[in-house]
Amino acid sequence: MARKPTTYWDYIKVEELLALQTGIAERESELGNDEVLFIVVHQIDELWFKLILRELVSVRDLFAQAHVPEQALASAVRGIRRMDLLLRKVAEHFAVMETLTTRDYLAFRDKLSPASGFQSAQMREIEILLGLPDAERIPLGHEHTYMQALRTADGSESPASRRVTARLKDKPTLHDAVHAWLFRTPIQGSTPGQPGDAERVRAFVDAYCRSQEVAVQGAMELARIEALTPEDAKRLEGRFASEVAAARAFLLAEDAPEAERARVARIRAALVFIESYRELPLLAWPREVVDGLVALEQAFVVFRQRHARMVERVIGRRTGTGGSAGVEYLDQTALRYRVFRDVWAVRTLLVRQAVLPPVENAAFYGFVGEP
Amino acid sequence: MARKPTTYWDYIKVEELLALQTGIAERESELGNDEVLFIVVHQIDELWFKLILRELVSVRDLFAQAHVPEQALASAVRGIRRMDLLLRKVAEHFAVMETLTTRDYLAFRDKLSPASGFQSAQMREIEILLGLPDAERIPLGHEHTYMQALRTADGSESPASRRVTARLKDKPTLHDAVHAWLFRTPIQGSTPGQPGDAERVRAFVDAYCRSQEVAVQGAMELARIEALTPEDAKRLEGRFASEVAAARAFLLAEDAPEAERARVARIRAALVFIESYRELPLLAWPREVVDGLVALEQAFVVFRQRHARMVERVIGRRTGTGGSAGVEYLDQTALRYRVFRDVWAVRTLLVRQAVLPPVENAAFYGFVGEP
Amino acid sequence: MARKPTTYWDYIKVEELLALQTGIAERESELGNDEVLFIVVHQIDELWFKLILRELVSVRDLFAQAHVPEQALASAVRGIRRMDLLLRKVAEHFAVMETLTTRDYLAFRDKLSPASGFQSAQMREIEILLGLPDAERIPLGHEHTYMQALRTADGSESPASRRVTARLKDKPTLHDAVHAWLFRTPIQGSTPGQPGDAERVRAFVDAYCRSQEVAVQGAMELARIEALTPEDAKRLEGRFASEVAAARAFLLAEDAPEAERARVARIRAALVFIESYRELPLLAWPREVVDGLVALEQAFVVFRQRHARMVERVIGRRTGTGGSAGVEYLDQTALRYRVFRDVWAVRTLLVRQAVLPPVENAAFYGFVGEP
Amino acid sequence: MARKPTTYWDYIKVEELLALQTGIAERESELGNDEVLFIVVHQIDELWFKLILRELVSVRDLFAQAHVPEQALASAVRGIRRMDLLLRKVAEHFAVMETLTTRDYLAFRDKLSPASGFQSAQMREIEILLGLPDAERIPLGHEHTYMQALRTADGSESPASRRVTARLKDKPTLHDAVHAWLFRTPIQGSTPGQPGDAERVRAFVDAYCRSQEVAVQGAMELARIEALTPEDAKRLEGRFASEVAAARAFLLAEDAPEAERARVARIRAALVFIESYRELPLLAWPREVVDGLVALEQAFVVFRQRHARMVERVIGRRTGTGGSAGVEYLDQTALRYRVFRDVWAVRTLLVRQAVLPPVENAAFYGFVGEP
């Protein structure tokens, strides 16, 4: 208790913080309000990103355990929801940036070129830690890879490139950790490694596919009523038939390399199982985890699309300061970057409760104290 | 003053309103909370749309006058901002819809098929009155045109198709009314019909194009510094050169049919003029009009993208109840539907104040009382 | 499947809905945009209120059961969160109302007098069903009780008074149902009715009070450092001492009538127990319930304060149409109306984990499958 | 163009920024996610405050001119709206803070005591520069003045106290600058200093008071219809009569010291004039200024009330780390701190357009080019 009394300015480091808005000038007094605003909004984004990264590491660590205790899931859900909220806050700041008119932004834009938001190391770290594979990245619009864009102009290492290089080694990604945990989900009361697990999972998948076919048939009957012409009816039939075939192919993981197929198929079956039998007590928190991941990735897509809208509004569709294709690049990343692809894909083949196959071993998922 | 005292329930028509949530059932008691929520959110959207439509008509009427009094512009801006706010509120309601889980939505989804949000007449009316041309509409994914989707199943007229048919005749669109007003903007002090107007506008456009070229050159110099290879530098040069060429072609309206070219070019020059000399008193409200239209159309795009995200989250990428391609259709409309294309295009070629050509006849735009 | 294909306009009842905005006129064409906006915002509020009420009934029914199954809690939490979200949406609509200027609102204000938002039956029903006691209501500023304000001018029954009268009989309130459930919470592994329960609860309360005293002592030491004068130090000491005394008096329910004291004390002990040992698996959902109720009531207070701000902005501090004291009345209800007083009071006496008394019988709260 | 290419990390100062979250520890690794979040949210608030302060200085400087050019008003409005938006963003961050549970916040709360948000110099600077008089401040709950709370524990100057001391000398406040500008508003075409100005302003005020009396009479008639008893009717009459008397007393500035009375009365008359004849071209921007100030101060009140709600939710009603009365203090400042009191007061006595006295000299307020 002998320590010096804490002050707000020491604890928050207010003076140090408020000295960082000079851009490339010697003194802040050389900058106008617009440029200081531009700098501050980016700084605030970096601060939110920092919180997201810390939370991402914690949640990843939790799922990376060989055994994830059930009560830890509530804590994982809290972390996922916090990230979701933070990302939504970041997206709301674009409105502040939009108080810049095009002409006023152009007044200082040349000063910052060729710097660019693509050089934000933390945004790249978030994508990497979530699990976005390098191979799926969209080129920036010039010959640089995203890693080159993070280096200094002469190609040497920078604080940004060092951060990202370190993060690429920080394994597993949240995606991989969550998949490892999903793989172990009890399906119809059976867990991996247990004798007959493969057969029971397959039986569940087969039964589920039959349910899904019934559901799609129903939807098709209804759609057919509105079909104007035989051609239209035929085209709709084709679309529904391919939904059934696609569901089966997905659940059997026909797109996965053969060595991986059983594992991927079990993960997808687990997702369908959790979503379908949501009211089973033991699935209450896993279900919140899955819902949380959907909300989180949705928040990311909304953030990217809102980013594209802000850029389009402030500078139009010109070439970005970092030489990128600007708005189009941002809109493409929003539509194409997805980490939790299986979690999303499952939503397309869910069916209503009334047609679900019956749960086996329901007691396994119940509370012991409530028979 | 002899009238009966007004009551809240008569004025708001509370009882009539609260009796409308029965869906296709006889009694509301047959519906669960989820379905009532689904119905109510759509009803609220329709109510907001109604307000947007009323405001849209008022603002359109204002711009459709042969002479728009300057003081009327403040009132137009107020209407545009109100529409912007309303659209943003509608977009915020998707979060309420997302409290439905996929499985719970599927429990009543078949009941409403083949009805679909594409049958919302007011949404179509808003698009039409704003000025979205039929030719630019994206097909719904079946053989129906959007007008057929609004008719009853046997192809006869419906309340929805009647509304839309009437709106198609309600001319001019906001786009056309605004363009007619923009066309009359004084440019360098010159107005259409005045002797030498064409020459002065052309001189302004030429001077502006030179400014834009200078600005793009500067950006290119900076981008070149970061180019890693000669190939990369060359590609960047190509991109910048095409920005210069595109700006010139756009301002000379080379894309417009020859008979229209002079008119379109004058409108585009007016937009550049208003955006560039924002501080001139007489341009204060026109500038707010243009800013307001950008904000409004941006709010529309954000609404469409947020709509796509909600649908993807709740039902995934399956075929929509109306037989549409669902999420993909919505994402495509967001990226491709634009009404105020020229307003947006101008943002791409604006330049910073320092390189602008000088204003001629500045006094023309000033306050008489402030020499 | 032989039913008529559903249409959007039948299902949503679009035409009936869009015919309800005539206010006290024969035809909507007599109304300006401002008045239609005023009517629509109130209608939308009533629609949201309807959803809140339906959800409130469901959640109340759930807690009103003699035994609340653990897995039902997740569903209760979902309902509570949905109400929270809906209330926040309602609060966001005040921004739409604020697009009315004072002068423009006054143009039609006399038409609606003496109608008033205080005549919204559903708002009163929500308060009643949550559990706001009549005795705590603040007078409207005239001699009417809130029930009289809901009758017609001649004092006869109205649709509003009938709704509220029926709701007053709809028991129990959410408050009472939740308290009944909280009362049964196992504390240190002991449940009511079990031999020695009273003693174990009392022992927990005593131990907790000692922890709280230690925590307050620590805070006082730190605060004392900054005290400038002996008088200031003394006053701070007094304030901290009364925090300790108040905590004890609260936990022993000294404010409750003697016959109720044991029951109230057990409920408060349960709240402290749930908040303090949040990580115990069996408390995971009860904790979410308590957090949800806090969020819900906070959303209600925010809604009331935001309402006061809107009224102050649009009409200032004049007498309301219903003869009420306007802004002041609204601000007072925000500060004084509270339903879940015990849930809030507990927050004031929580302590950090490090000083908590140890949990007894922790195994009781664990998962059987995870020893 | 020979300068080193700018990088994102140099321009935004990312590494310096991300090194400031250590609190009172040597290394950030000693801190948990919750504490880092707590620090970051405060840092972000300080960054937003910085932008608000810069904007506040610019807008104040603009109004502090002896003559404010009409076209400068649009720029003032832009600054006011930007501050409003920024304050609303700050208020939205409380939701992030609320992801801290009470227990988890208490885990590190002692570390920061006796530091407190009351030590935020910038928040005090904003209040001072807006024009909150020291005499109206509510005591923090201990003997410290707000200035003492900004000093170090031993009473010596701190970075915070230095900032605030400097700001107290930075005159005029926005309130005073705006009042000086409002004083010069032409009323019925007459400006201060012009012969007969006092008489014409007084004639306007008298005419306006008669209009207001007519309007209040109308409202009273309507309210009387609902009065249940003669006592109630009498009480309502009393309330309306005092509204009329209060309006007159306010407009004649009877509350102001005699030497100030004429000046204050002219300012209040100007506010009524601007609000009442909003459609006059010359009043278009002054009206936006007044609307902007109302929105800004409302945003401040909403921010304070939301702040109180967050504190109540996270720590309840205990004594604050800085020794303050916590929630109650915050709620009181929200209700009692007002800077633009006259702007607010005017809203209470505005009347609908139909009963306004006629404008004299309307041409004075028109556009010269539009007779």
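Should a chain be cited, it is by its letter among A, B, C and D, assigned in written order, with residues numbered from 1 in that chain.
The definition used in the following text is that a contact is a pair of C-beta atoms (placed from the backbone, for glycine too) under 8 Å apart; a residue touches a chain by one contact, two chains touch by 3 or more.
Only a predicted model underlies this, so the values are computations on that prediction, with no experimental measurement involved.
Q: In terms of residue-numbered contact pairs, which of B-C, A-B or A-C coincides with A-D for over half of them?
A: B-C
Q: With chain centres defined as mean CA positions, report which chain is farthest from chain A.
A: Between chain A and the rest, the longest centre separation is with D.
Q: Taking each chain's centre as the mean of its CA atoms, how far is chain B from chain C in angstrom?
A: 40
Q: I'd like to verify one number: the distance from the centre of chain C to the centre of chain D, where each centre is the average of its C-alpha atoms, in whole angstrom.
A: About 30 Å separates the centre of chain C from that of chain D.
Q: Quick one: chain B and chain D, Cα centre-to-centre, how many Å?
A: 34
Q: Can you list every residue of chain B that touches 2 or more other chains, as numbers and ranges?
A: Residues 5, 113-114, 153, 222, 225-226 of chain B touch two or more partner chains.
Q: Quick one: in the complex, what on chain D touches chain C?
A: Against chain C, chain D makes touches at 101-103, 106-107, 109-110, 113-114, 142-144, 148, 153, 155, 215, 218-219, 222-223, 225-229, 231-232, 235-236, 239-240, 243, 275-276, 278, 291, 294-295, 298, 301-302, 305-306, 309, 312-319, 321-323, 331, 335, 344-354.
Q: Give every residue of chain C touching chain B within the complex, in rising order.
A: 3-18, 20-24, 33, 36-37, 39-40, 42-44, 46-48, 50-51, 54-55, 58, 78-79, 81-82, 85-86, 89, 92-93, 95-96, 99, 111-122, 152-153, 158-160
Q: Once bound in the complex, which stretches of chain C touch chain A?
A: Residue positions touching the partner: 1, 5, 69-71, 74-75, 221-222, 225-226, 279-281, 284-285, 366-370.
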